[in-house]
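What follows is a set of structures for review.
Below, chain A partners chain B and then partners chain C, in two separate complexes.
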Partner chain A sequence: MEFLRNMPFFCIILSMVSAVIISIMSDKAARVFSLIVIGAVGIMSSLTLIYVVSIGESYTYYMGHFPAPWGNEIRVGILEAMTATLFSIVMFASVLGGMKRVFIDVAPKKRNFYYIMVDLLLAALLAMIYTNDLFTGYVFIEIMTISACALIMIKDNGHCLVAAAKYMIMSLIGSGLILLGLSMLYDLTGHLLMSNIKEAIELNEASGLYQLPLTVTVGVLCVGIAIKSALFPFHSWLPDAYGYSTATSSALLSSLISKGYIFLLIKIMYRVIGMDVIRETRIGNVFFVFGVVGMIMGSVRAIAQTDVRQMIAYSSVAQIGYIYMGMGLGTELGMLAAIFHIFAHSSAKSMMFISADGLSYVSDDSKEFDDLGGSAIKNPIAGITFTVGACSMIGIPMLAGFIAKVCFADAAINASTIKLVIVMLALAFSTLLNAVYFMRAIISVYRPIKEEDQMKIYPRNPKFIVACLIFIGLNIYLGTNAQPILDLILEGIGMFA
Partner chain B sequence: MSKLKENYKDSASQKFSDFMTGDLEIPDSPPARKKPDKQDKIVDADEFFSEFTISDDIQRRELYQAFRHRRFVKHASKLYSIMSAVIGLIIIVILLITVAYLPKFGNKSNPDNNIVSQRYIENGLEETGAVNIVSGMILDYRAFDTFGESNVLFIACCCVLILLRNDDDEPKPDEDVIDFKRDIILEKAAKFLVPVILVFGIYVVLNGHLSPGGGFSGGAIMGAGLILFANAYGFERMERLFSYGTFKKITFGALLFYGLAKSYSFFTGANHLHSIIPLGTPGAILSSGLILYLNICVGLVVACTMYGFFALFKRGRI
Partner chain C sequence: MFKELITNLFTNYYETAAVIIFGIGFTTLLLNKNLIKKIIGFNLMDNAVYLFLAAKGYVAGRKAPIVVNNVMDVNAYINPIPAGLVLTGIVVSVSVTAIMLALTVKLYRRYHTLDIDEIAIISRKGGI
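Let's turn to the complex of A and B:
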């Protein structure tokens, strides 16, 4: 049992070393190997979760021979282990479900690079989730940025290159701001380790030193991460990047990469700056306003789309808005709702991207709603998965999205009156808009088939079916078994402080 | 401006050299100003639609949308440039004000003069065995970060490979003839310099734990030597020394060794087990535990990445 302490370290090193090993593999071996690695990481993360729950407290783990402020260190708590487990499951299903599309989209000699990028992305996600050191976090932000960019541009056409260039520019501005924030924070506190920074900030607060630079630092860090996770006014890179890249890339980008940054932000809020200082700076109100505007604007733009992938992409803008709104409420329940929505959204959105790809596979690779008519009948499993994902996003009971929305409403009741009114109105309006565009999508994919198409038979893709089943299972599990998960998240937030 | 461009005759430098050699024809009238490209400027609806013959409703709708889009872009781009200037100014002012409130640079009582740097300076030699404290810091105290950094290099190189790699294996006929011109001065200079540069790079890498330098700087020097060689003698001769296969093998071997060696060290460190890696006597070439070997790995990866970038940008293959 004691040996399970090492699991997070094994996860990170395994995914990094496997990326190096894949570089000399053939593309078929690379596919199998990277799936095995992601699966192994999933199993090890769940073992970590079991271990942390059983010991009931978080623990730190040296990365080297030296104790914390000198050497590197990772920290494992319930929330970290849960996020790692869920992310690796989502990643496994996304890679599995989109494997055939990657095979079609990527040039033969570049295919094993795709899996290098996937593995390094996994390593970066895990390191960002577990790290207890801000600079380690930054190093892995860099890896994540580059690998995300490669995942977009590896499908070699004009749209993807433009999307990757847009993503690169926006994302590097975000990285630059984060680096600026980190260096100012180091200047103010003299530490890079999260817990030490927090101590130093508390000392500074008590003596009234460096108030203004600290506020600017918090602002710079938050804006940097908001750009990288596509909060509303910074979402301009998102629709192209999600809409044109290959299906697995879209799923990974929307459900894992942006969520990884948000997780880091939550960690910074709790473990680096401290919630008291965060409340004093009122950055939460900024998140709240932009989150609410994003919820509405993202949905409005989604209604205007005629392309299914673009529609899902704009819907992501709205869902990111939900998460920031929850964080902006400034209460523990708000944070709980935001974290649960991270889980719900990453399981539902990746599912929608993968199933939308299955739908366009049977419609001559078109993504327009006009051509997708009847595709759900031709490819029933993709149709069902798409419907489940859409229902989860709208907030139909028994699915993950419903629980998230209930949590948001619950959190709003405990916040101030004005926030309560705004949250309730925004939730109602946004749900209505969600229903409008998702229902239209579902109706159009279930249109009756034209007669000449009825005879066509499409080969079944077992990998795709398995991935769809994993996604459906995950969503129903999150939707029906929410209470223990919510309890664990609350316990995990308690461990953060 | 080089003469490769078609309109080199219009360029200022060409006119200047013409003037110096007396070739310049002085025109009688001042040159006609270039008319602005009309296509981009039309925002008047009648003018816009007069360019097209409209046959049906759908076409009319599409055209109208295109017209609105063009008008929007014209107005928006004006607004954007003003807004971006204003926002940029605001951010500059905020950051300048912030700098004024930060701790004074070099002050003894600054927060960053604390136990962390103290232990690095006082116990660094004893704990890591490296005379060069910086090497001790990046490759022993914070080796995990450095592993991440070497992976950044690796992934950056993979990205450039994805973007620029030509998929055809056969080198195009007379590719090297176009790209590569023998230059006797460069060749002689390279013959003289390349061995010196490479040996110096190897020296910097191998002495990374004893003197300033290390994997990153030494690797950059070696990479520069390789690039000089490729420039002087062409890629064909370079390939005898360094091909894509070599590149893959070296990067793979170095990163794998780094990963495995450091995993062992992390694992023993975290579980408080005894590590079999000896620290050696500080100052000797074979000392300071893993740092020497890790420096070699980092140096190899950096050199390969530098040369790889050059080759890929130059001709799309390594």
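Let's turn to the complex of A and C:
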């Protein structure tokens, strides 16, 4: 069992090394190899989860057995291991389901580059989840930005290049602010390790020193991460990046990359600044307001779209709003709801992007609702997957989205009265809007097809079917088996403090 | 209060300059339409943070932490971590600048302009 302590380190190093090795592989070998690596990371992460649950406490792992100031540290708790496991499952299914589309969209000579970027992204995600050192976190934020930008621009058309440029500009602003925030935090505390910073901040707090600079630092860090994870007023880059890039890239961007940043933010709130100081700075109220506005505005914009991918992209803006709203409630239950929504949204949104691609595959590669009529009948598995994803996002019972919404409502009851009223109204209104645009989408893909179209036969794609089944299974599992997962998340939050 | 503020700003003039340069870079990156100028703005912004870190890491009268003449006193040397952070940060910003320049070259070859607004309008109208 002791050997299992090394697993998180193996995950990170395996995905980084494989990214290097893939550069000399052929296209087909790269595809298979990268799937094997993602699968292996998934298995190792679940072993880590089992180990951490069995020992019942978090542990710190020293890279190369050098203690803190000389070596680098990673820290493993239940929440980290759970997130890593879920992210690798979602990534596996997204890469598998969109493989054919990558083959079509990417130029032959560049196809193995795509899988380099996927593996690099996995390494950056894992390192951001596990790291105990803020500056390591910053370096991997930049690696993630670069690989995300490459994933968008690898489909070589005008829309994707413009989307990549917009993404890159907003991302650079975000990471510049994060870097400034980190430097100021280092300046205030003299440490870069998360636990040491927290001790120093507690000392400062007790002596009443540096209150104002600390508030500014928290603000700068939070705004930087909010820009990178596309919280409402900073979402201008999002629709193009999600709407035009190849299906796997959209799935990875919406379900993993933005969630990775939010996970880092939660970690900073708990492990670096400390929740008491965060509550004093009232940054939670800012998150709450922008989250609620984002929930409504994202859904309103989604209704206006005629393109299925753009609609799902605007829906992501609304869902990110939900997560920030939960974080802004400022209670443990609110954070629990936000973390569960991270899981629910990353399993449902990637599923919708992959299945929407399957639907447009049988509709002459069009993404407009007018052309998608009947596509769910031509490609039944994509239709079912799309419907399950949409139902999960609306919040139909038995699916993950429902549990998340119940958790938000439950958390709101335990918050202050004004927040309770706002959350309930926003939840009701936003669910209504979700139902409007998702139902319209489902109805239009199930329109009866014309007779001359019935003759056309599309070849089945076994990889796509397997990916769809994984996604459906994951959503139903999260929706029907939520209580143990919620308990584990609560235990994980306890380990953060 | 006001006098104290001004005195503090002038005593820590490196940090003041760093934050001003950060602001210039930030607004250039956000508001300028020209892609090349945006990249320049980004580099200004990052370099301002490095100036901030380097200024924080320097203590007057102390030396770089390399032991010469067997001086083992800790107070004779500065802390090397800020310098290490600056070096790491430079590597990161060089690679990001490289990918941004590559993207700019691709956009320029396709649209024959560096104005990001114009490029967005052309691509939205279904130009290419």
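As a working rule, the second predicted complex is superposed on the first by the 494 of 497 C-alpha atoms of A that agree within 3 Å, B and C clash if a C-alpha of one lies under 4 Å from a C-alpha of the other, contacts with A are read in each partner's own complex, and residues count from 1 in each chain.
Here, a contact is a pair of C-beta atoms (placed from the backbone, for glycine too) under 8 Å apart; a residue touches a chain by one contact, two chains touch by 3 or more.
Predicted model, so just to flag it, every value in this text is computed and none were measured.
Q: Could you say whether A:162 touches chain B, chain C, both of them, or neither, answering first, second, both or neither?
A: Second partner only.
Q: Figure out whether A:187 sits in contact with chain B (first) or chain C (second), or with both, or with neither.
A: both
Q: Applying the touch criterion given at the start, work out whether A:127 contacts chain B, chain C, both or neither, answering first, second, both or neither.
A: After superposition on chain A, A:127 lies in contact with chain B alone.
Q: Return first, second, both or neither, reflecting whether A:233 touches chain B, chain C, both chains, or no partner chain.
A: neither
Q: Look at A:494 in the shared chain and tell me whether it touches chain B only, chain C only, both, or neither; answer first, second, both or neither.
A: Neither: A:494 stays clear of chain B and chain C.
Q: Who does A:176 touch here: chain B (first), chain C (second), both, or neither?
A: second
Q: Between chain B (first) and chain C (second), which, if any, makes contact with A:149: first, second, both or neither?
A: A:149: touches chain B and chain C.
Q: So, does A:139 touch the first partner chain B, the second partner chain C, both, or neither?
A: After superposing on A, A:139 lies in contact with both chain B and chain C.
Q: Once the two structures are superposed, pull the chain A residues common to the chain B and chain C interfaces.
A: Correct list for chain A: 135, 139, 142, 146, 149-150, 153, 180, 186-187.
Q: Under the definition above, what is the set of chain A residues touching chain B in their complex?
A: 5-6, 9, 13, 16-17, 19-21, 23-24, 61-66, 69-72, 107-110, 113, 116-117, 120, 123, 127, 133, 135-136, 139-140, 142-143, 146-147, 149-150, 153-154, 180, 184, 186-191, 200, 210, 212-213, 216
Q: Quick one: in the complex, what on chain A touches chain C?
A: 135, 138-139, 142, 145-146, 149-150, 153, 157-159, 161-162, 164-166, 168-169, 172-173, 176, 179-180, 183, 186-187, 192
Q: What residues on chain B touch chain A, complex-wise?
A: 94-95, 97-98, 101-103, 110-116, 119-120, 127, 140-145, 147-149, 151-152, 154-156, 158-159, 161-163, 165, 167, 248-249, 251-252, 255-256, 259-260, 263, 265-271, 275
Q: Provide the residue numbers of chain C that touch chain A in the complex, in ascending order.
A: Residue list for chain C touching chain A: 22, 25-26, 29-30, 35, 38, 42, 45-46, 49, 52-53, 56, 81-82, 85, 88-89, 92, 95-96, 99-100, 103-104, 106-107, 110-111, 116, 119-120, 122-123, 127-128.
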